[in-house]
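Look for subunit A in each of the two complexes below; its partner is subunit B in the first and subunit C in the second.
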Partner chain A sequence: MKKHPLMKLVLVIALGLIVLPMAVVLLWSVTRRWPWPLLLPESYTLRTVRELLTGSASLPKLLLSSIGLALTVAVLGTIIAMMTARATELHEFRGKTLVRHGAFLPLLVPGTVFAMGIQLTLIRLGLSDTIAGVILVHLIAAVPYCITIMTDMTAAVGNKLEQQAMVLGAAPARAFFEVTLPGLLPGVLSSMSMGFILSYSQYFSTLIIGGGRVKTMALVLVPYIQSGDRALASVYSVAFVASALLVFFVFEGLLHALQKRGDRI
Partner chain B sequence: MKEKTAIILLLAPFGLLMAVVAAAVGNVLVQSVGYIPAFGLTKPTLDYYLQVFTRADFLSAVWVSLRIALFSSVLSCILGVLVSMALIRCGKTRGGILYAIRAPILVPHAVVAVFIIQLLSQNGLAARVGFALGLLEDSAQFPQLLYTPGYWGTILAYLWKEIPFVAYFVLAFMGSISATLGEAAENLGASALRSFWEITLPMSIPVIARAFLIIFIFAFGGYELPLLLGATAPKALSVQTYLAYTSPDLLQRPLAMAMNAVMLLLSSLLALIFGSLVFRLNRRMGGGK
Partner chain C sequence: MKLEIENLSVAYDTGAVLHGLSLQMEEGEFLSILGPSGCGKTTLMKAIAGIVPVQGGHIYLDGQEITALPIHKRGTVVVFQDMRLFPHKTVAENVAFPLKMQGVAKGERLRRARELLQTVQMGGYENRRPSELSGGQQQRVALARALAAKPRLLLLDEAFSALDENLREEMRNLVLQLKEEFQMTVILVTHDREEALSMSDRIALMFEGRLIQCGTPWQVYTQPVSRQAADYFGNCVYLPGTVEQGMFTAPGIRFPTEKAEGNYELLLRPDCLSILDAGDYPVTVETISFRGSDTVVHLRGTDGVLWKKAFTGKVNLQVGDTLRAALTIENPVLFEVSSAQ
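== the complex of A and B ==
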């Protein structure tokens, strides 16, 4: 296939537009003064970094609770998706197509509508202002995507090998965990990283269902943006994106390690 | 019989989540007709819907949200497909560059708002570059993209996040079409442009359409970006609705729910129209599923 110089230009522009704002936010995060019309800051400071590390919202605690919450959603969402996909892809039953299409329905309900609609129910169930309630509403946002990934994966892996293992005398649980699950792992990892990102970047649902008790990065960042403190908004943005990238690359790394091992066998 | 039990057990957690979604939708509908016993409201009425439709701020909010959703989704799809083709043509469908293209998918919306403020506000980097090049004499000459009723800042923020999303979402499918049928057309003498325009693009419409719908519904109901980058009036639908929802005046609650119901209706309607359009298009092209 011929390379087209115009196509190369498109890629260069796209990459530039992706990297530029990230570089600017990095610069802003250590800026003391950056008056108009200077192209670079006039003076730098580490006040923002100190505030990030020791300020009112303690970063380690904040990161731990945000990442912990998002990982919980990722794991639960992937397990639910794996079970749903197993039912629709490996079993025959009436209403199968209904389940397959139904999985997309939550995407048609805007997140704000869902959160305002469910709040009263969660208050009654005692789940409002709790981490369990927040996990539940984040799951609704994540599961449709996890199901899409796990459905494709389950259909591709099938259950022939698992059945062979059972014919050879393996217990069903052992056949699943030792034969099918390793085959599903690439899908499991991408479903988990999808679930993680969706939960990690939620704002509205955490605000309304968490009621201020459940603190996440998004919840801490937004007030800084509203107050117009660009340096502090930037330093929290950097921490937010860096931690998301870190977790994402851990998932990617695991995926690569798995694929390499798979190639060798 | 044993299989039936297995299926029920496997689907139980999914069913529970769907029940939660159904409960939320049910609550919205019930409260929107003014039935909220906790507030002493027990007489169902359609008054709130009538009120909603006669409010100028609500109607302009519907317009604002539709406009944001339409511009964001159409432009992201066009530009996303362009980036995807560029990746395919340059043979960069995996590895380093692809990670960079995927990065915006991982960046939370609130952070994108920070990006847009730093680059495109009237004293942002773009205006400074304009000044340095002698294009502007004063920061006030830079177009007001933020906090204005045009909602261009919000739309640009969605574009920053969603163009890469579309590029990544359609990449695998477009790549395989382009490598097989597109390549065949080119071997038979079609130009690269023609093989894209007449083979790869039409075949990829269903995937692009799915990306379009996801972005449209998301941008239509999105909250943070119009809140952080938009005007105080008119507000986006979700922002306007939440304002009514949190009002100390309890009679605003059913009003907020009527707004939510209209929002739900609009997004389902759009999805339905859109879904049937894609379905018909697919059938006309002789596509299997």
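== the complex of A and C ==
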């Protein structure tokens, strides 16, 4: 395919919008002093890195809880989305359109407003200040996106192969896992990535519902930005982005491994 | 297997598709469900396989009621028009799939898959992907996979219409041969008259969710129950006439009949018209079109009826020629013309 020159320009701009700020953040993360109008910092330090690795918030514990939480949301969100997508795409029932559009309602309400509203309900349910509560709120943020991805994917894959499998003697669940899931796999991974990043980057809802008991990267990172310690905020940002990317790479690798395995057997 | 359908009704949200349809089928029979698109023939097939829920009636397979049985327990295997091979599996795994579902060990099922692939002349393709095969090859694999399931009843859903002409002929022969070899009971859903006529033991003709006629291809073609049924096979010509005192009378034709008195139309097909005889039915040549294997000549009778007749070999006719043709009618079919019209 011949690349359009305009396409190239768009690509360069997009890259600039991601790479340049990232470079600045990287630089800031090891900056001691960077007075105006110098192009580069005046002096560098590893204070921030030391703080990140050995500081008050233990990094491994923080990563573990953040990634664990986000993965849980990613998996649950994708399962919910998959079931919703199958219901609306493959079955006929009353109120189908309502379900389809209703799934996007959480997107209409600003996150802050939503978090404060739902907190009352969660307190009543005894889920406030618990991990379960946080997972629930993150799910509400993530599921609409997961549903969008899974709906398109389910519509594309359809249930024709599943019908064929059942006609050939496969029980419904077996038919799904044998012939439909392999086709849905790329969508499942996209949906999980989406769910992961939405949960991973939640700040306000985690703060309100978690009540400070549920610690995540975002929860530690944001106060540094607000307090103005740019160097520390930057080093946490780098750790935040790097850890998220790492998880994406694992997802990507998993997809390839699964597809390869599917190729062999 | 013996199939009995009693008073079957199926409705979708958009309305009823099958209206109380009944049908019987004997073991080892090859039945075609024939009808125009939208007549409900695919729905009937899906109802038999359990893919669509039925609103009323009963389906029995070998005397056992299967109306409420889930799809995978029926033993009614469908080969769909679009083959539906599993893209993530190899050809051998596709064929071995039904055996895997039955819990046959891996080595054994792959061995059986190889055998079945040999049967459909697809030996050597075991490790290919479905996407690497041509349409005809995919069809063969789909057939082998259906056979692997040991169907009690094999359902072919417009199975050959996606293939080109030559391949279609080949696949029809293969299916008939496999039917004999595996002693199968087969239902073919099709809109292709020629296919239904040439392949089946019996044809079930469907219009608008109802079974219009069921019989041998010969019966259905030569003794249609209605003009609609007759027209579906095409090439029909109708001569208007009357029945009086046990005799049907139309220009050039007169024969005794048991029908009640009234206005009737006599069904004629081009083979009733013989040109070379010096008959008493004059026709004029209107158009001549050469088609390669034959030449189609449009002839206009003095009564205004237009005949399409195919001739093989060289045709020594000119447009405008008038010929003295003759009508020979062996099994006359009369349709009453309702006086309301």
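Heads up, the rule we're going with is that the second predicted complex is superposed on the first by the 236 of 265 C-alpha atoms of A that agree within 3 Å, B and C clash if a C-alpha of one lies under 4 Å from a C-alpha of the other, contacts with A are read in each partner's own complex, and residues count from 1 in each chain.
As a working rule, a residue touches a chain if its C-beta (ideal position, glycine included) is under 8 Å from a C-beta of that chain, and two chains touch if they have at least 3 such contacts.
All values reported here derive from a predicted model rather than from experimental measurement.
Asker: Based on the shared subunit A superposition, would you classify subunit B and subunit C as clashing or fitting together?
Answerer: These partners fit in the superposed model.
Asker: A:V179 contacts which: subunit B (first), subunit C (second), both, neither?
Answerer: second
Asker: Does the superposition put A:G55 against subunit B (first), subunit C (second), both, or neither?
Answerer: Neither subunit B nor subunit C is touched by A:G55.
Asker: Angle subunit B-subunit A-subunit C between C-alpha centres, in steps of 10 degrees?
Answerer: Given the fit on chain A C-alpha atoms, the answer is 100 degrees.
Asker: Of subunit B and subunit C, which one touches more residues of subunit A?
Answerer: If we count touched residues of subunit A for both partners, the winner is B.
Asker: Which partner does A:I118 reach: the first (subunit B), the second (subunit C), both, or neither?
Answerer: First partner only.
Asker: Contacts for A:A171 in the overlay, against subunit B (first) and subunit C (second): which applies, first, second, both or neither?
Answerer: In the superposition, A:A171 touches subunit C alone.
Asker: Given the touch rule stated above, what does A:V24 touch, subunit B (first), subunit C (second), both, or neither?
Answerer: first
Asker: Enter the shortest inter-chain Cα distance between subunit B and subunit C once the structures share a common frame, rounded to whole Å.
Answerer: It is 9 Å, taken between the nearest C-alpha atoms.
Asker: For subunit A, give the residues common to its interface with subunit B and its interface with subunit C.
Answerer: Touching subunit B and subunit C on subunit A: no residues.
Asker: Can you check the complex and tell me which residues of subunit A touch subunit B?
Answerer: Subunit A reaches subunit B through residues 1-4, 7-8, 10-11, 14-15, 17-22, 24-25, 28, 36-39, 79-80, 83-84, 86-87, 91, 93, 99, 102-103, 105-118, 120-121, 136, 139-140, 143, 147, 197, 200-201, 203-204, 217-218, 221-222, 225-226, 230, 233-234, 237, 240-241, 244-245, 248.
Asker: Contact residues on subunit C for subunit A in the complex?
Answerer: Touching subunit A from subunit C are residues 13, 49, 51, 70-72, 75-78, 80, 82, 84, 86-88, 93, 97-98, 101-102, 145-146, 148-149.
Asker: Would you mind writing out the residues of subunit B in touch with subunit A in their complex?
Answerer: These residues of subunit B touch subunit A: 3-4, 6-7, 9-11, 13-14, 17-18, 20-21, 23-28, 31, 38, 82-83, 85-87, 89-92, 97, 100-101, 103-111, 113-119, 123, 125, 127-129, 131-132, 139, 160, 163-164, 167, 183, 186, 192, 214, 217-218, 220-224, 228, 238, 241-242, 245, 256-257, 260, 263-264, 267-268, 271.
Asker: Which residues of subunit A touch subunit C in their complex?
Answerer: Interface residues on subunit A, with respect to subunit C: 92, 160-161, 163-172, 174-175, 178-179, 182-183, 262-263, 265.
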